[in-house]
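Heads up, the thing below is written out as C-alpha cells.
Lettered A, B, C and D in written order, each chain numbered from 1.
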Amino acid sequence: MVRVTVWNEFRHEKTNKAVAATYPSGMHEAIAAHLRRSGDLQVRTATLDEREHGLSARAVNETDVLVWWGHVAHDDVSDEVVARVVERVWAGMGFVCLHSGHFSKPFKRLMGTSCDLKWREADDREILWVTRPGHPILAGVEDHFVLDREEMYGEYFDVPEPQETLLISSFTGGEVFRSGMTWTRGAGKVFYFRPGHETFPTYHDANVLKVIENGVRWAAPTGAVEPVKFGKREKGWLDRRSEI
Amino acid sequence: MVRVTVWNEFRHEKTNKAVAATYPSGMHEAIAAHLRRSGDLQVRTATLDEREHGLSARAVNETDVLVWWGHVAHDDVSDEVVARVVERVWAGMGFVCLHSGHFSKPFKRLMGTSCDLKWREADDREILWVTRPGHPILAGVEDHFVLDREEMYGEYFDVPEPQETLLISSFTGGEVFRSGMTWTRGAGKVFYFRPGHETFPTYHDANVLKVIENGVRWAAPTGAVEPVKFGKREKGWLDRRSEI
Amino acid sequence: MVRVTVWNEFRHEKTNKAVAATYPSGMHEAIAAHLRRSGDLQVRTATLDEREHGLSARAVNETDVLVWWGHVAHDDVSDEVVARVVERVWAGMGFVCLHSGHFSKPFKRLMGTSCDLKWREADDREILWVTRPGHPILAGVEDHFVLDREEMYGEYFDVPEPQETLLISSFTGGEVFRSGMTWTRGAGKVFYFRPGHETFPTYHDANVLKVIENGVRWAAPTGAVEPVKFGKREKGWLDRRSEI
Amino acid sequence: MVRVTVWNEFRHEKTNKAVAATYPSGMHEAIAAHLRRSGDLQVRTATLDEREHGLSARAVNETDVLVWWGHVAHDDVSDEVVARVVERVWAGMGFVCLHSGHFSKPFKRLMGTSCDLKWREADDREILWVTRPGHPILAGVEDHFVLDREEMYGEYFDVPEPQETLLISSFTGGEVFRSGMTWTRGAGKVFYFRPGHETFPTYHDANVLKVIENGVRWAAPTGAVEPVKFGKREKGWLDRRSEI
C-alpha cells in the first residue's frame, strides 16, 4: 500500500470562479479522486491554508509519495515545512511536481537550479510526445497525446540534466518543452510533469491522470523510508575485521 | 591544430540535379569550406567511393574529429572501416554525426540502439530551441533559430539517454525532436546534430555551420588519441608497492 | 509473472573439476534455483551448446528478463542470436549481465564501447559499497557487503556513463570497480553486476543472489514487449487533425 | 584570460600550528601560486573573514571560475553571498568544490541533496583511479595516482548522479569514494574534487594541483557570463512571425 499525499496551494479555486467551476473541490481532489480508484494507493490531500500546510511532521513521515501543485503562493510555504519535505525525499519519499510547482520551494531546493522558463497564457494546443517508450510512467500512453488548451511553457527550462526525458511538448506557438523528466535525490525519486494550468480542465484528462498515477507508483519507495547513516567511522573496514 | 575529416556519402549530389545545384562540390565541401576559415582547424574531406572510403588506417589515425553524413548507402560502408572508426572514437577521436547519419554504421555501433525515428519529407519549417545555454556547442546561438524548410524527424528517436540535450526542434506538423545531443564513448566525444536534408540549403545556413564548427571544437580530444591500456595486472597495487 | 531466462556458457563446469564441484549443475542452475523460490518469477535456463544456444526466436520472445554469464566462448555465440537478443532488449526485455559477460557480444553491442577492463586472478577480497541507497536493486542490502575471494576487476571499465551507479568495489590490491550500473537501451533496461568468477562460490552468496533477484525484478518490462513503431509519417499531426 | 578566484575559509591555518606549517599563507595561496604559473589564468584569492568574505557583488561578477575550500565555518558564510555565488553559477561561472567544501552552502544549494558522507581521520593511504580517460580534467594524469596520507571519505556520498565520474578512490580501510565528479547547473559547470585535508600537504602534490588546474580550465565559461532570459512571451513564435 503506497501512502500518497496530494498537496495543493488551493487558492485559485477560492478566488477565481472559472477555476472553481472546473475544480469545485480543488485540483487536489480531482487528482485524489482518480488515485483513490486504485486499490493499492492510500490517498489523502493537504492544502496551504491548513495548519502546517497539512504537512505536519507526522503527516510527512506517513507519506510515501507527495504530489505538489502550487503557483501564486510559493513564498507562503514555511521554510520549516520545506526542509521537512526535502529531507523526507532524501530518505526515500517520492516527489511528483506538477506544472507551476516548478517554482515551488521544495522543487527548487531539490533541483539546485533556478527552475525558470518561458510562458504564455494563450490557449495553446499542446502535443506531448513520448521520448522513452516502455518507461513505467508512460504505461498505457500512445506515442503522443494532445491537450486542446493549455498554458505554454517554453525552453530553456532551467533544471539539471534529467536522468530520463519521458515527454516533450510542442505548442501552437512553435515552442517546445521537456514535459516529463525524472531525477534521483538521495534515496528519493523526483518526477516533474508539466500540464495543469488552473483555468483548464487538464486534471480531468484521462492521459494526464494516467501519467500522474503511473508517476506516483514509479516514485514510491521500495523499502522503508529512513535516513541513510552517514558520519564518522572510527575504524576502517580492514581494521574492524581484525576484531572479529 | 585540430585535424578534421568531413566524410560524406556523396551519392545524392551525383544523381539528383537539385542537390547538385545546391551543393556543386558536395555537402562535405560546403561544410569544409566553412571550417577552413578557422585558423585552428586543419580540414580534409573524404567520400564513400574513394579507396577505403577515404578512411584508410593512416587517414583515420591522423583525424582528431570526424564529421559524418550518410543516407542511402549506409550498407556500402565496409565493416572494416567502421571498426577502425569506432575504435578510434574509443581512443579519443571526436565524432560529429549529421542528420541521416543517425542510421550510419558507426553511429549505431556507438549508440548500441536502433537509432530509428519518425520522418516526413514535406518542407516543414523547423524551429530549434536551445535547452542548454552556455554550452560551448551553442556559443553564438540565440535562444532559438529557424530553418524555413527541412525534412521532419520526430520522436521517439531511439538513442540512449544523452549526457546533454542541447537543442529540441518543433516542426510545422507539430512534431518534436531532440536535435542536438552528446554522449561519451570511451575517451571519445560524440555529438549528434539533426539538420541537413540533402534537398535543402541547410549547410549554407549560418547557424547550422556555427553549431557544426562549435561541435568540432567541443569534440576535439584534449591530448593524444591513443588506446587505453587494459588487461591483466600481475600484482595488486599494494603488492607492487612492497617491491619499491 | 516475470518470465526469466538464465543463460550460461556452461563450459568451465564441464572441464574444470573445481568449478564443477562448486556448481554441479552449472552456475545457471545455482542462480535459477534461487530465483525459483520466488512465486512471481517463472524461470528457465539455456546454455551455449544447446540448439541455437537455447535462445530460439520463440524462447527469446517468451523471455521478459535475460540473465547472461559467458567467459571463454563469447565468439561461439552466433551473430544471429545476438541480433535477436539485442532487438528484444530494444523492445523492452530486461538484460542482466554478470561478471565476465562484460565481454559478451550482446553487452558490447548494447553499450557501444569496448567494455574492456583490468583484471587479476589472485583471491582478492572484494568489498562492495552501496552508492545509491534506496534503489530497488539494493533492497535488503546493507551499506556494504564482502566477498572473501574473488577475481579482481579494475577501472577504467570502458562503458558509457551509466544512468545509475549502484555499487563500487574495492579489492585487496587497492583497485576499485563500478560493480553495479544501469543503462536504458530503447525500451529495455540493462543491469551490469560484477561478481561471479567461476572458481569461487559467489553464486551461493546470499547478498549476490539477492542483488541478482532484485535486478531481475527491476529490469522486467512494465507492459508488453513489442517493437516501437518508427518510420514514415505521411502527414503532420496538424494536417492529420484537419481530416478529423 | 580566465578570471579565477580561489576562496578559502582560512581558519585552520590561524589556529592549528601543523596546518600553518604546511600552508604558511593558507591553502588558497598554495593553490593560487600553482595556478598563477599559467599565463592564461588571472588569479585572486578571497577568504571568509574579509568583508563580504572577499566575495562582493563586483568580485563575484568578475570571476569566471570560483574554487572553494571550507570546513569548520560553513555556517559563517552569509546567505546573501551564497545566493550571489549560486546565481552566478547558473549564469555560467564555473565552480570547483574541494574536499570538505562538500558541506558548504553553495555546493549543497547547487546539488539539492544533503551532500553527507562517511569519514575518518586516520592517515589512510588514498589511491585515486581514473574512470574517464581522455577527459580534459584528467589531462596529464596516469591511470591512477596516490596520496600517502589523507582523511578517508567513504560512500554513500549523497550527491545527484553525476554527469561524469572521473575518479574513484580506495582507502587503506577498504572504503571507496567517487573523488572526481561533474554536474551542470544552468549555464555553469560544477566539479567536485575530494582530496585536501588541512593537516596533510595535499595541495603541494603535483597530481592534485594538475587536476585542480585542469578543472578550472574545464569549468571556465565559453562566452559571457550573463543570466538567461526567461519569463513571459506575449506571442508565440508563429504569431510573431506573421508580424514580420
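Points to keep in mind about this one:
Operating definition for what follows: a contact is a pair of C-beta atoms (placed from the backbone, for glycine too) under 8 Å apart; a residue touches a chain by one contact, two chains touch by 3 or more.
All values derive from a computational prediction rather than experimental measurement.
When chain centres are defined as mean Cα coordinates, D lies farthest from chain C.
Of the two interfaces, B-D and C-D, the higher number of touching C-beta pairs belongs to C-D. Chain B and chain D have centres, each the mean of its CA atoms, that are 32 Å apart. Between the CA-based centres of chain C and chain D the separation comes to 36 Å, rounded to the whole angstrom. Counting partner chains per residue, chain D shows two or more touched chains at residues 127, 132-133, 143, 154, 156, 161, 163-164, 171, 174-175, 184, 186, 228, 237. Considering their complex, residues 87, 90, 109-114, 116-120, 122, 124, 152, 154, 156, 158, 160-161, 163, 171-175, 183-186, 228, 230-239 of chain C touch chain B.
Residue ranges of chain D in contact with chain B, taken from their complex: 92, 127, 132-136, 139-140, 143-144, 163-164, 184, 186-188, 221-223, 228-229, 237.
On chain B, the positions that touch chain A within their shared complex are 127, 129-133, 143, 154-157, 161, 163-165, 168-171, 174-176, 178.
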